[in-house]
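What follows is a group of structures, each given as structure tokens.
Consider the two complexes below, in which subunit A is the common component and subunit B and subunit C are the respective partners.
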Partner chain A sequence: MKKALVTIFAVVVLMMPVLAMGQTASGTLAVTATVQSSISMLFNSNAGGVALGNAGTNAATLNFGNISAYGTLAAGVSRTVGAANFTVSTPFNVVVQQANGSSANYSLTATLANPDALNTWALSGTAVSNAAPSPLTAAGAYGNPGTAYTLQLTVPVASAAGAISNTINFAATAN
Partner chain B sequence: MKRSAPCVILLFSLVPALWGQAGSSAEKSGTRAVRAKETVPAIWVNFVPIPSGAPVRSAKGDLGTLDLGRISYMGGATTEGVTVTRKKKSFVVSTLFGLRVGSESGTGTAKLVGMVTEVNANNRISVDGVRLTLVPQVIQMVMPCGAVTSHRLEIELPTDAPDIAAQVAQSITFQVVAN
Partner chain C sequence: MRTTLKIVTLIVGLLAGSGLLSAQTASGTLNATLINRSGIAVVFNSDPAGVVLGGAGTSTASLNFGTVAMYMATPAAGVSLTRTASDFTISSPFDTYVIIGGSASASYSLQAALQSASGVYTFKFDGIALTTTSSVVVAADPNYFVNVPHTLSLTVPKTAPAGAVSNTVNFLVTAN
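Presenting the complex of A and B:
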């Protein structure tokens, strides 16, 4: 019995320094952050339209190419010819995405950046000018593939030949 | 037998001191054992800000707070030192913070272990690439005592979690174990 006691004690004593070797300490880091909802917009090419430059970004370019009342047009560009003018049009997609938000849909407006007294600009039948934002939708659906809009440019047949350029600013607002 | 028992106990007490001391005399080893006991340091860990990281505040020695500020998928982060990396359906918020493991001697090394105190299904927390769970995970096997070491905290958040429930508040417990 005494031998057993000695053995037990010896084992305990043996272990003590080993336990002491693994000293520990702890610290707690409280991490906080506030996640805010956000939306993004980008432009994608439409299968039926011209290929956008910088597609997949929010700063894309759309080139109709050479347009005329009667000449050949680029692929993806369609035309209607009236008595005093002709209109070229092509579709493209607007994609609005939401992150960490709870809005069901979004509103979209478009504004022409520079005034154009000669030609007429429209998006899917809605005239776009630089005077005020033109509402395109009040309940756009988030996500891919987005909504197709057709850019329509109407040019008077009496106007002189030359380059036409402008910028359309789109604004999406979460509802 | 009664006389021999204390001797046996004494001998066993010295055995740990003899570990790694091959060739030393018992007397010499005994002296070293006392020294070893004195120099086995009490260790501690605290949080320190580092220049390229988000501001860490140390409330008490072993309690730190790290506010990552406002973050969003599209807008990124507003706090200096905090970055946001966009993925397809989630985004990762990351920053650097400093840890200092201290010991009484100012020397030695320690193992760093980390764990979260609660699991949030909406976010994943990693430190130095090691995903933290409720079970302690080894982050680093050897950390020098006395020096500030830089560590990367990453929190991955899904984009489909609504903002109304996205106030991230998570506690990470770090444990250092002297090597």
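Presenting the complex of A and C:
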């Protein structure tokens, strides 16, 4: 009888660490998020135009390079020459994308960041100034490859040579 | 004879009484039995780099990514945002804290499962996609009594409708 008790005790002691293993506990982590629709805009180089700086972003640069009424132009730059001025132009793409929304299309406006009393700026024939946003489209299509717009810069032939710079602010609004 | 007996009884009583009053002692023995039972628990804590958990320090916490959008400029504090052409992913670190007592366990495993089917959304724990079937996400972590950072991420397809997204991750911690 005594031997049996000793044996039982030994078995229980030996089993204790084993019983400790395999113990479980549970926890729950509730995860929530609220998804909102959103749109984005970026600029891409057009195959027929100059290569944009920072293409694929919403803060790109377009450099016409050296322009003149009669001199050689950079690749991708076109020119028309009138009696009083000449116009250089190049196409680029505006890509507007939508996520998690049901908007069918978007409207797009453009505004010059700074006034330019001497030169004339236009996008695909629509004059752009700093006075007010110029509507470019009322129903633009979302997605790639986007919409090609041609930036046109008209320079009077009587103006002095030198650098010309400005920034065009675009605003896309989901319809 | 009777008088003598009374006197003796009185003397004995006085002697006994004075002795009890002058150096009273008592002793007792309390036999206490402690049953040392082992146990394990997991609680969730906010990670310094992540969102603040609701119910932090408990085993039933909540993690709210807040309002998110694929093209948002800046997500909420503690939330990271990455994008691909077709979806976006938000993520946040949080900490698990596993407690154990009365055990010689050297490590624990962690299993996780989504409570509900995730539909078009993808929930990941440390990069491991979660489903409603429990899977081992940590096989042997020796870090008891330590905040262990993990990352929970939610991937939202670009084509998913706007609105609330919610689910619950059920964790099971097991002493190895």
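FYI, the second predicted complex is superposed on the first by the 152 of 175 C-alpha atoms of A that agree within 3 Å, B and C clash if a C-alpha of one lies under 4 Å from a C-alpha of the other, contacts with A are read in each partner's own complex, and residues count from 1 in each chain.
Convention: a residue touches a chain if its C-beta (ideal position, glycine included) is under 8 Å from a C-beta of that chain, and two chains touch if they have at least 3 such contacts.
From a predicted model like this one, the values you see are computed outputs, not experimental measurements.
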Classify the contacts of A:Gln36 with the two partner chains as first (subunit B alone), second (subunit C alone), both, or neither. both
Considering only the touch criterion stated at the top, classify A:Gly101 as touching first (subunit B), second (subunit C), both, or neither. both
Using the superposition on chain A described above, determine whether A:Gly27 touches subunit B (first), subunit C (second), both, or neither. both
First (subunit B), second (subunit C), both or neither touched by A:Thr167: neither
Would you mind checking which one, subunit B or subunit C, touches more residues on subunit A? B
Following superposition on chain A, which residues of subunit A contact subunit B and also contact subunit C? 17, 20-40, 99-102
Residue positions on subunit C within touch of subunit A in the complex are 38-44, 53-54, 59-72, 88, 90, 94, 96, 98, 100, 102-105, 115, 123, 152, 154, 156, 158-176
If we count contacts the way the header does, which residues on subunit A are in touch with subunit B in the complex? 2, 6, 9-10, 13-14, 16-18, 20-40, 98-102
For subunit B, which residues count as touching subunit A in their complex? 1-2, 5, 8-9, 12-13, 15-17, 33, 36-37, 40-47, 56, 61-75, 91, 93, 97, 99, 101, 117, 125, 153, 155, 157, 159-164, 166-178
Per the touch rule, the subunit A residues reaching subunit C in their complex are 17, 19-40, 97, 99-102
